[in-house]
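In order of appearance the chains are A, B and C, and numbering begins at 1 in each one.
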Amino acid sequence: MSQHQITSETVARTIARVREQAPRVHVITNSVAEAFTANLLLAAGAVPSMTSSAEEVADFVSGAGALTVNLGTLDAARRVGIETAIDMAKEGEIPFVLDPVMADRSPGRCAFALEIARARPSVLRGNPGEIDSLCRARDLEPLPGALAVALRSVVAVTGTTDHVTDGHRVVEIANGHALLSRVTATGCAGAALTAACRAVEADPILAAVTALVWMGVAAEQAARLAAAPGGFAVGLIDRIASLREVDVQAEARIEVRA
Amino acid sequence: MSQHQITSETVARTIARVREQAPRVHVITNSVAEAFTANLLLAAGAVPSMTSSAEEVADFVSGAGALTVNLGTLDAARRVGIETAIDMAKEGEIPFVLDPVMADRSPGRCAFALEIARARPSVLRGNPGEIDSLCRARDLEPLPGALAVALRSVVAVTGTTDHVTDGHRVVEIANGHALLSRVTATGCAGAALTAACRAVEADPILAAVTALVWMGVAAEQAARLAAAPGGFAVGLIDRIASLREVDVQAEARIEVRA
Amino acid sequence: MSQHQITSETVARTIARVREQAPRVHVITNSVAEAFTANLLLAAGAVPSMTSSAEEVADFVSGAGALTVNLGTLDAARRVGIETAIDMAKEGEIPFVLDPVMADRSPGRCAFALEIARARPSVLRGNPGEIDSLCRARDLEPLPGALAVALRSVVAVTGTTDHVTDGHRVVEIANGHALLSRVTATGCAGAALTAACRAVEADPILAAVTALVWMGVAAEQAARLAAAPGGFAVGLIDRIASLREVDVQAEARIEVRA
């Protein structure tokens, strides 16, 4: 795992590289989140592909810059599609991001998330309830760092302040806005954005931090112009596309600990 | 079935209670409608969950404040998911809203809608064609009141004037706007909003009326600012979130008959 | 195949007829594209229906004005649904549009696209990579005209300049905007718009050209007001609905060759 300095400059440079390199990101996500996630990736400059069919998912993961797996609508067919995608990702050394969405509401999802996590996601990203349920199911202390060490992955926990850790370094990001929780799929899209960043940046901590800053600063700017969730969602997509490097450098609120 | 007065004041209070209590509403709907429905529920202050997978739907219905079942994309897997959800709703005494979408275009959907209706939906909500097809399939007069009595449910019929009835009381709502029919999933989202209202209000008539007034007044306000369907859809979400109690009281057009 | 003159006047008249006749278009598409496609059809004045379930798709294709088949998320169930839909379209002489989306990324999709194409789509519409992969799989020169002749269909190739041909006539359309490629599902929605035009116009070349001009001029107008993809997508829907015949006649950039 290569390590870079985590600063507003390296974050801004990672955003610029997504725009320059336009990585293809294959995303397996629930149908609620698909269109918003695809539009956010396109706004970011990445190229989404989205089938979850077991018959063809390997063709799409192969050659992708990164993979995102979100556990929504976990029926038998979807499980097979996810497992096929993960196998191809391992075979092709394609980094993947795991979003264990609502693992805290369904024991089956929690168990499946841990099963997939054995394939070592580059970044596991969830909210506090989801991360806690995974820690508990692994008999760990409810700490992101403990989960990161156990899974040998970077863990990103979203919240008012986001935390990203590999169990050694911890980075906190204070960007974001309450309206993000009033629009569906912003978390899922954030996980896909993490994969887009990981496709162009080998350090998963820097990739995870970049996605959180990008989304967070874009949300802050969108909220200045739109006070309600409909207009905010439109503005968020616009800002993901138009956010300038100088804005990122001026407005990123990152703190590196340890 | 508890009964409350149906007035613009009780409607405004029901909206306020959705915002205060933030009920979780589980929604099984077609993939076309999912994102808009989730965003409308979030704008209303409710919390959507949306899996239809038979393997995990019971985990999600359990503990929800209400359930909405929409019959879009009715394949074998979806039928099992819906039946599992309805069983859990009955077991947990969780109220559910049934939206027999396009039952008039497919005999299979009509038959399945009536099968599910045996579990006594709190509110059955559809357009005139859908409600007529259910009446005919049950050999009833094509009257919402007859269907309501036969099913022992409240029936809500959407249209230029909406009708809500349990077969005894009838409430008419004259709010709404023609642009609602130019945006996909406004009906499906309205059924989910009905469930959100039912989660906080035991009287299904008041719940159904509240959802129709909330959507109708929000649509009228959104249409004042946006004359075309793209901007209208964004504004509708905004107005669902920002509609004030005084606006509801001033602009609700409710008539209680009998 | 009836043939009409392809001019900005006949294009404008075809748009007017979609708005007057409000054809129902059945669309089988991937879940990413469904909501945007439905909203674009509604904005155009058409009526979308969208189930892909094998159990009920025949009920929906029957009586539709046209069918669109998009090959996204091609699992076993979807294949059966598509085949059932195509059979019903042939039986009922309902014209269909085929969108071989990402056929160039998956050999399975390419083969299935050619299998379906035996049923003679009225219009086969794709981007250059998709059309090339179909030509190559059929051992043809990589030319839209060669594919059109081999399949006895009209082939529409989207790009900076769009080409529509039956192998004899060629029409080029220079309308459009780069932001179309920054919003998901604009291609899929364009194929569905082609079907809406084909439902009211027997000449598939005029139908395909009309959809490309309608979308292209709407995109140019939307891009004048919105420089980023979120607002552009909203404005595109608005312009599809509000585009006037005089604007189409003034702004259409059509060239008929041969």
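General remarks:
Keep this in mind: a contact is a pair of C-beta atoms (placed from the backbone, for glycine too) under 8 Å apart; a residue touches a chain by one contact, two chains touch by 3 or more.
Values in this document were obtained by computation on a predicted structure and should not be read as measured data.
In the Cα superposition of chain B onto chain C, the rotation angle, rounded to steps of 5, is 120 degrees.
Residues touching across the chain A-chain B interface largely differ between the two copies, under half of the numbers being common to both. Note on chain placement: the centre of chain A and the centre of chain B lie 33 Å apart, centres being C-alpha means.
Touching of two or more other chains is recorded for residues 31, 34-35, 77, 233-234 of chain B. Remark: chain B residues 31, 34-35, 38-39, 42-43, 48-56, 59-60, 77, 81, 233-239, 241-242 touch chain A in the complex.
Residue ranges on chain C touching chain A, taken from their complex, read 30-36, 72-78, 102, 105-109, 181-185, 226-231, 233-234.
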